[in-house]
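Following are the structures in question.
Across the two complexes that follow, subunit A remains constant while its partner is subunit B and subsequently subunit C.
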Partner chain A sequence: MIEVTIQLLGFIAAALLIVIGIAGMVFLDNMIKKIIAFTLLSDGVNLLLVAIGYIEGGVVPILLPGMSITEFTMRAALVFPIGIVLTNIVIGVSTTAILVALVIMLYRRYGTLKASVILKGERR
Partner chain B sequence: MIELSSSFIIMGYVMVIAITVGAIAALLQKDLIRAAFLSGAESIALAFFFQALLAPDLGLTQAIVGTVLLPGIIILGIFKTRRTEEE
Partner chain C sequence: MMELVSNLWSIPLIVIIPLITAVIVNAIYDKEVIKYISIASALITLGISIISPYGYHWFTGHPAFDPNTFTFTFDPGIPAFRLSLEFVYGPIQQIMIVISSLILVFCVILATVGLTKRQGPYMATIFLLFASAAIIIMVNDLYHLWIAVEIGSLIVVGVVVASGTSISHKAALKYAFFSAISGAGLAVALALLLGITGFANVSDIIRIMNTVGISGMEKILYISFGFFILAWMYAGGLAPIHPLKSEVYGASYPHATAVLQAQSKLMLVAIGIIMLRIFGTLPFIKEVMIFLSVITMILGVVLALIQIDFRWIIAYLIISHSGLVTLGIALGTKDGIIGGVFQAVNDIIYMSVLLFCCEALYYFGGATSTKNSFGIARKSPWLCAAVLLGAFAAAGMPPFNGFQSEIILIQASLNSGLPEIAVIILMVSITTLIALLRAIYRIFLKPPEVEVLEAKIPKAINFGIWLFIILTIIIGVYPDIALRFIIPAVEGGFLP
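Up next, the complex of A and B:
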């Protein structure tokens, strides 16, 4: 029997988010729904990275007064995935904005949001 | 008295269920604005999960960005195109 920790729950939630995101991007027909599924996939990858950096019984990586350096380096959660994910959240916003702008241009040209109609290439 | 870690695990179960239900419900809506708000609800559950995984700065950033900024951008796009999903 595996002991349930918050890290294991994080991995489960990340796997569910990634599966839901990929399935939504592949099987849904609406372009806005594809964008929402893309944000779900991005959230799943972020959660996977943060769950890798978790240490059982650790502390938040902030050096408080009264804590020695050796104890801090032994117990603090990994800082590198946190920095990577903080960058990825901010980049994800601009990526979503560009995707929304492209979908608006596609709607002006083709008059629909369905990907199956847009792929046929019939202009309005 | 409940320990801090066990209360985090209880909160983790609730957050896994909230993330999964929010994500699936966001992708099954016919109304696109409702779908955007449901993705925001999924994102606030994810912010609680970041808080439990010892990354509070990511929790604050995800709570602001995923709940206000991303649904706002998507809703702007919906207003420029069409609100309901066509058959």
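Up next, the complex of A and C:
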């Protein structure tokens, strides 16, 4: 029997977000919905990283007065995944901004948000 | 064994100088001085990459802290406090960054003397593109690899959008969406490998896998490999996503495409070698990589044959020849990796010749379509000679550099017991020549159907074209000039 832990729930939720995000980006026709799907995908990756860094009964990774080094190394949550999450948030915002800017440019040119219309009939 | 310097001074400079230049030229976007700042910055970066010794640099990381001895240690048994985010500057990094810097110099010059007035933001994207490529080839941790790939993809979008046409906007949008997926995939791969090993440093991941063994990790490793493959495909435009990357190449200005293709080759080499190092011992990994490479080679060159514009022919040939680079790495043998990296170096050089020739055609009123004949050889015989020499180099004919790397790849394929792949490499070479000669005949040699204006090609373009042609011949005649960087790195295990 698999024990249901907070970490496991985090992994499941992250996997769901990632799958929904990728499916949305691939199958949805509306550009804005595709961008929203991308934010779900990005959130799923963040949740996966947070879940990896989570330690049951852990402490924040700051060496507090009275705490032994050994106890600290055993119980401190992993800091690196949190650093990656911060980076991913920045990258996610940048990517979203660029996507929105491109969609605005193409909307002004074609008057629609439908990917099937905008990307159809390209001429070289 | 090469002597390595810790905290090497040149590594941050190679990254930071282009970044600072990008910030400055973006801030003073309409000033004439942009030209001088950009050229000086590109030359300084080139100079640093030439004179730099080999070594490491730690970024936001440090060796592990041993709680028992209160000292720093490299023992991988202490996971929690060892970030180990490091950059490596070795012979392979040197030759690839030097060549890329040289292309950056000419790209910057061509951007400033180009047909239209280009402002600071465009120049900034060119420098950021170079910075991302330099990071990717020097990196030895997955965290920086992921960041550089993400930044690189956003910058590629910027460069394509700067071309300002409807096609370029669409190409940029499609590329941005796919890069969002593959970038997120690379982050997932990083998370999974971090989760099972506790490290982001590639050397540490391999050490843990060798020490602890990979029993029980296989599923996670295969999932990570899948995401890596996605990033690899996206980085180099490997099949089946080759249309996205070829559109990016075809929709950009040719001088920008020269930097874009250099960035792609650096990404392919870096990600390919990292994949080989981490996943190389798993079954079917190399087979998957070889399959993708072969399909890319064939699809790229076949699609090049049916194009009707010289720019798009070059775009698809870049894709096809990316398959040659990845094939060498995918073979996983010493000869294969040497051939793959050598092919990447040569490919960057001869494709730049063709792209600069394509840029020169813009001065004849954009005569790049093969639907009409323009008879440009009559107006500019030297340009015709240059593009022919570039085509011979791309087709792997002696005495040009393409011949030397392709012969190594053919030998590596035969030594690996894959003669059919050697035949495919030969077929790709011949088809490359046919695709290029067909376009060159229509545009340059056939009596003109459409009259084009007299054009004065800037000296910078001519100088760039002939400099790179001389390089193709020198490396073709004396391959040791490049191989003396690549062979010791592969034999000594001094890889990115």
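Here is the rule we go by: the second predicted complex is superposed on the first by the 120 of 124 C-alpha atoms of A that agree within 3 Å, B and C clash if a C-alpha of one lies under 4 Å from a C-alpha of the other, contacts with A are read in each partner's own complex, and residues count from 1 in each chain.
Basically, a contact is a pair of C-beta atoms (placed from the backbone, for glycine too) under 8 Å apart; a residue touches a chain by one contact, two chains touch by 3 or more.
Bear in mind the structure is a predicted one, so any value in this text is a computation, not a measurement.
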Can you tell me whether subunit B or subunit C touches more residues on subunit A? B
Going by the contact rule set out at the top, does A:Asn30 touch subunit B (first), subunit C (second), both, or neither? first
Report for A:Val103: first if it touches subunit B alone, second if subunit C alone, otherwise both or neither. both
So, A:Leu17: does it touch subunit B (first), subunit C (second), both, or neither? first
According to the stated criteria, A:Val45 is in contact with first (subunit B), second (subunit C), both, or neither; which is it? second
Of the two partner chains, subunit B (first) and subunit C (second), which one does A:Met67 touch, if any: first, second, both, or neither? neither
Where subunit B and subunit C land on the same part of subunit A: residues 21, 103
Subunit C - residues contacting subunit A, complex: 67, 78, 80-81, 83, 143, 147, 150-151, 154, 157-158, 161, 166-167, 169-170, 172-174, 176-177, 179-181, 183-184, 187-188, 190-191, 194-195, 198, 200, 250, 308-309, 312
Residue numbers of subunit A touching subunit B in their complex, please. 4-7, 9-10, 12-13, 16-17, 20-21, 24, 28, 30, 32-33, 35-37, 39-40, 43, 46-47, 50-51, 53-55, 57-61, 77, 82, 85-86, 89-90, 92-93, 96-97, 100-101, 103-104, 107, 112-114
Interface with subunit C, subunit A side, in the complex: residues 18, 21-22, 25, 31, 34, 38, 41-42, 44-45, 48-49, 52, 69-70, 72-73, 76, 78, 80-81, 83-84, 87-88, 91, 94-95, 98-99, 102-103, 105-106, 109, 118-119, 122-124
In the complex, the residues of subunit B that touch subunit A are 5, 8-9, 12-13, 15-16, 19-20, 23-24, 26-27, 32, 35-36, 39, 42-43, 46, 49-50, 52-58, 61-62, 65-66, 69-70, 73-74, 76-78, 80-82, 85-86
